[in-house]
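Look at the two complexes coming up: chain A is in both, with chain B in one and chain C in the other.
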Partner chain A sequence: MNSLKTQKNVLLITFLFIPVLLLLVFVVYPTLKLLQTSFTSWDGFSEVQQIIGFKNYKDLIFNSKEIWVSLKNNFLYFIIHLGFIPLEIIAAVILNSKLRGMKFFKSVVFMPYIINGVAVAYAFSFFFSPVNGALNEILKMLSLEGWIQNWLSNPSVVNYSLVSVSLWRYSGFHIVLFLAALQSIPEDIIEAAVVDGANAFKRLIFIILPSIKIVVELMLFLNLRGALQVFDIPFVITQGGPGTASSTFALSTIQMAFKYKNFGMASTMGISLIMMIVVFNWVQKNIFGLKEGK
Partner chain B sequence: MKRTKLFKGLTIFCSITMLISSFVGCGKNAETTEATPDTKEVAAGAESKVETEEEITLTLLQWDNIFTKNNYDVVAEYKKVKPNVTIEIENLKDTGEFEQAMKIRKTANQMPDIFALKPYMLADFGTIAADLSDLEAARDSIYAETFKVDGKIVALPTQAFNEFVWYNKEIFAEYNLEVPKTWDEFIKAAETIKAGGKYIPILMGGKDAWPDYPFNEFMPSLVANDGTLWNKMAEDPQPFTPDKPFYQAYQMIDQLYSAEVFGTDPLGMGFDQVKAMFGTKGAMLCAGQWFLADAQKAMGDKSDKIGTFLLPVRKDASEKLNTITMADTFLSTAQGGKNEAAAKEFINWFLTDAANYQAFTKAMNVNSTMKSIEAGVEPCIAEAFEGVDVNPVIYDGGNKKFQAIQAATKFDVKQIGQEMMSGKDLDELMNNLNKSWQEAQSTTK
Partner chain C sequence: MQTSFRINHDVRKQSKSASLKLDQWLIYSIMACITVIVFLPMLVVLFASFKTAPQIGNDFPLQLPSLTNLNLENYMVVFTKGKILLGFKNSIFLVVISVAVNALLGTMTTYCLHRFDFKFKKTLIALFALGMVIPGQICEIARFSIMSRIGVYNTIWAPVIIYAAADLMQLYIYMQFIDKIPVSLDESAMIDGATYFQIFYKIIFPLLKPATATLAIIKAVEVMNDMYIPYLYMPSAKLRTVTTTLMSFSSSQFSAWEYLSAAIVVVMVPTILIYIVFQKYIFAGIVAGAVKE
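For the complex of A and B:
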């Protein structure tokens, strides 16, 4: 028996050795290094990294107005995507029904997520173009010239334009995840509810939603993480402009490191991002009553 | 008992497989570092040749194929004169990516043998570059002395160019316009085209931020008649007050932006979108000499109607016309590099071999940086200088102190240009800049 236990341990260690090693080298070490750099004023170039304590953290909170503006933009992505989650669930419920052509619609809905993000962003910069832009042309065709805006250059409009691109790209992915969760609900539960006289709304609230709670929780986390890390869409379409009107936290971090040569502060921003995701996720779980055991 | 045996067997098999795979992985690494028998043979062969002609491979890091485009190929050209030297080109998309790659390589101590630098990169990479003062090319260079780093010539510019206002002669003729000689005339010409309602007077592509550089980056130096204005500003606690050249230049720019002569939404389109509109939907575009190929492509068979004039940054036509002259794409090699001598020899050859250098300047349509070698430019570019009393202002990208303050204040003139175009108040912008500049200056050495 003892030998069997030893063999088990040997097998366990052998299997775990490489994944743990990879994790240590590529995840744990870089994170610790990031934490270390966040306490320095390193410019990404000098051989010496001068330690400045919590100065970067203090500056980030009290002296970085433009970074707070970026975070405000991230919040817009978060709140609009959050508002769309109920709609995405409803869309998934519709797509889950046995109507004709649903397979085709499922593919169409998922399609934007498959397309390369940079290509999507590039295509939308032409879509919003003031000269020959598809959006303005559509509005003209519908005799809605009065609705035409400077979609990418008006500081009070640009973020909504960008969030709409993000919605177009990610909603399909969310719907497909919800769909997978819906398909995992045993049909007999639904049938029993129907027999008991539950209407579609009651079935949604009392059976479907509690059954897909795990996926909703995952989606809330993905939404939070995605909203705080959004980068490719504003980077390709506006580069954060005009000025810094559409900049996001990730965009500011990249600029801080490579444009303003402040790798120390950029690392601080990286660590803060991790902390924000952890804290906001905990808050979000509490608000929506998704904590384990609830 | 049988199950235990099976488990035991499986354990041994798996353990052996995993260990072997780890060793194989490590073994491959060892091979690459220790060199295969084949490599050893090659190395031995090369050693025996050292006395005669050593085989050398020089790595050259560049961006945007600058040394390998428009039918010019530096690798082939150098092979003709030095058959034993192979230039291995590593190309990066643009200067942004190039700068990042250089920083990473510097940190990893894996610098390329030869690299090109933009003027503003000299402050960072000039300090690790080898001294080129003893080269013939350095003595013959027009600009080498101007761009010394710590008193040493560490990089030599390979091209010089000017900035122009590109325009369609037919559109100017349609509105009876003449080439503007002063800033007011320039704005008036743009307003006349705007009033016609047929064309966008000046194409901007402001969504990309950088296309406003002829105004927001260069005009302060032109107003000051000083290419090193950034360095002076680094010493000045309040360089954005109304009596200083920066403010005066920005006041002129504000006058132009307020005239709204860049179309209905200059910030809604990027440069890629507007460059194709040159000459057809747009009358003028401000850009450097590099824009020629794009202008010709946009105008097609009407390329002979392309005209250029120098941005008239002056109030009176009797004044000398200051114009930015850029010395650019500085060739350099790292100090103490493995192939430092061979790299220096290459740099010297590139700039002093008349046939090669003329082929390069012709392919790039740029001016010569050498006293003894002339480069022919297109007639449409030459005409910008006809009958104009020109004063070249050699642009300096800013020294280390300026760059440190720039980083601390997040001072980005191109972004400020975007904000001005979106209607932000100039005085408010300048006041904020003065405040942050003074603060950053007190903490920057």
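For the complex of A and C:
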């Protein structure tokens, strides 16, 4: 019995040593470090880190207009993706029908998610480009010259262009998640509804939507967290430009650190982002009562 | 009486099939639109990759490149000056190492957390959960100085370490799978005299293979597509991955659309081929990974 206990301890120590070490050094320590740096004005290389208390937090809230603008851009990603959820559900319902060719369409719809994100970003830079860009050329061909835009350099348009890239990339992924949820609805429930005379619309409202409620809620929060963390698309396509018009919160945070060498403020922003995510997770678990793994 | 009933029935059937046809027509046109939207930007890039700069300037973007006299020069540039094959080599190396390291560490951790009780277990699980909450790029602000201090900056090991330490999704996937492996299996092996180590590598690890396959798929997609970590930690030209090679195209002297288009196509094609072949597993893997949150 005793030897079994020793064996267990040896196993736990040998098996957990590396994972725990990695966790402590590369996740826990940086997080604490981030918290500590958020109270300093550190520039990233000085030996001394001057402690300035809550100044960064105060500046972030009261004194940082561009950062609030970037947070507003995050909100745009959230709202537009939110508006697409009903369309995504309808697409998933269609793909779930037993019509011919649906497997093919499912593959097509999901493909953008699998492709390298940087390749996608550059393909769209080309697509939206003011010089030889496909979108403007196509508009010209359709005699819609009035719609021609500087899609990526007009500050009031650029965010919509970038959100459309995000939609192109992620909608298929959402559709496949909804589809997986739909496929878990037992078929006899739907058949019973058909026998009772429920038409497609009624089936959608009274049977399908209630059965995939959990996935819809999950998607709301995936969308919220995703929108809060948008980074790749603006980073590659516009670098947040023109000016800071298309910056997002994560992008401004990274630029604050690596471009403007203000690691103190960047850490404050990082901690604020983590806090927002934690709050949303808490709301998801406690208010919506979603248990992890369901 | 009988006939009228019959006629009535027929009429109903007919109108139903007519409306069914209308539905189908609508459904297929929606799907056709989606297909066009998905392929449009990719086709523009594909066509441009076979054109010269003046042709890109003059042609309509959806005009086919001349097939009789196919211009492969852009591709030549991508493979020779662009060194895209080196990018593939580095990316594949990263995928293989990361999948191996994560599968090993993930199964070991899962075995300990699921089958044993020990002090600080709850704390440990909470810490692992912390890793899932923190957004990837943000953590780099603090991680960056650690990476340079331990001397892995600008080596291929920087991303390997980060992928192993920070991607904790595998724990979730493995936890779900190990839950289905009956503990009685462990117990009967113990009665036969197996040690915990033997139980792990003779029973648990092999039985977790389907989960490892799922993990491998998610990981491969993630690592191949990851941009920021290689960009930040491996600026050296020798260490470029597929993604950072592509980025070097846009910022360097070849930043012309014809070369960039060819590079985009070279990066996209292998992924699309793998996607076509392993589709079923990719769907299953990605769905399993997403539902964890």
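One rule holds in what follows: the second predicted complex is superposed on the first by the 248 of 294 C-alpha atoms of A that agree within 3 Å, B and C clash if a C-alpha of one lies under 4 Å from a C-alpha of the other, contacts with A are read in each partner's own complex, and residues count from 1 in each chain.
Just so it is clear, a contact is a pair of C-beta atoms (placed from the backbone, for glycine too) under 8 Å apart; a residue touches a chain by one contact, two chains touch by 3 or more.
None of the values given here were measured: they were computed from a predicted structure.
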| message | Is A:Ser129 touching anything from chain B or chain C once the two structures are fitted on A? First, second, both or neither. | response | both
| said: Looking at A:Arg225, would you say it contacts chain B, chain C, both, or neither? Reply first, second, both or neither. | reply: second
| remark: Counting residues of chain A touched by each of chain B and chain C, the higher count belongs to C
| task | Report for A:Gly197: first if it touches chain B alone, second if chain C alone, otherwise both or neither. | result | neither
| query | Once the shared chain is lined up, is A:Gly53 touching chain B (first), chain C (second), both, or neither of them? | reply | neither
| Of the partners chain B and chain C, which touch A:Ile277 in the superposed model: first, second, both, neither? | second
| Is A:Gln7 touching the first partner chain B, the second partner chain C, both, or neither of them? | both
| task | Tell me which partner A:Ile18 touches in the superposition: chain B (first), chain C (second), both or neither. | result | both
| request: Give one of first, second, both or neither to describe whether A:Gln239 is in contact with chain B, with chain C, with both, or with none. | output: first
| Taking the two structures together, which residues of chain A meet both chain B and chain C? | 7-8, 11, 15, 18, 44, 125-126, 129, 133, 258
| request: Would you pull the chain B residues touching chain A in the complex into a rising list? | output: 4, 7-8, 10-11, 14-15, 18-19, 22, 96, 99-100, 103, 106-107, 124, 206-209, 263-270, 273, 277, 281, 403, 406-408, 410, 412, 415-416, 418-419, 421-422, 424
| task | Over in the complex, which chain A residues touch chain B? Could you list them? | result | 3-4, 7-8, 10-11, 14-15, 17-18, 43-45, 66, 125-126, 128-131, 133, 150-155, 238-239, 241-245, 258-262
| Which positions of chain A touch chain C when the two form their complex? | 7-8, 11-12, 15-16, 18-20, 22-31, 33-34, 37, 44, 91, 94, 97, 99, 101, 105, 107-120, 122-127, 129, 132-134, 137-138, 141, 168, 172-173, 176-177, 180, 200, 218, 221-222, 225, 228-229, 231-232, 235-236, 250, 253-254, 257-258, 263, 266-267, 270, 273-274, 277-278, 281, 292-293
| remark: The chain C residues in contact with chain A across the complex are 23-24, 27-28, 30-31, 34-35, 37-42, 44-45, 48, 56-57, 60-62, 105, 108-109, 111-112, 116, 118, 124, 127-128, 130-131, 133-135, 137-143, 145-146, 161-162, 164-166, 172, 176, 195-197, 200, 221, 224-225, 227-228, 232, 242-243, 246-247, 250, 257, 260-261, 264, 267-268, 271-272, 275-276, 279, 282-283, 286-287, 290-293
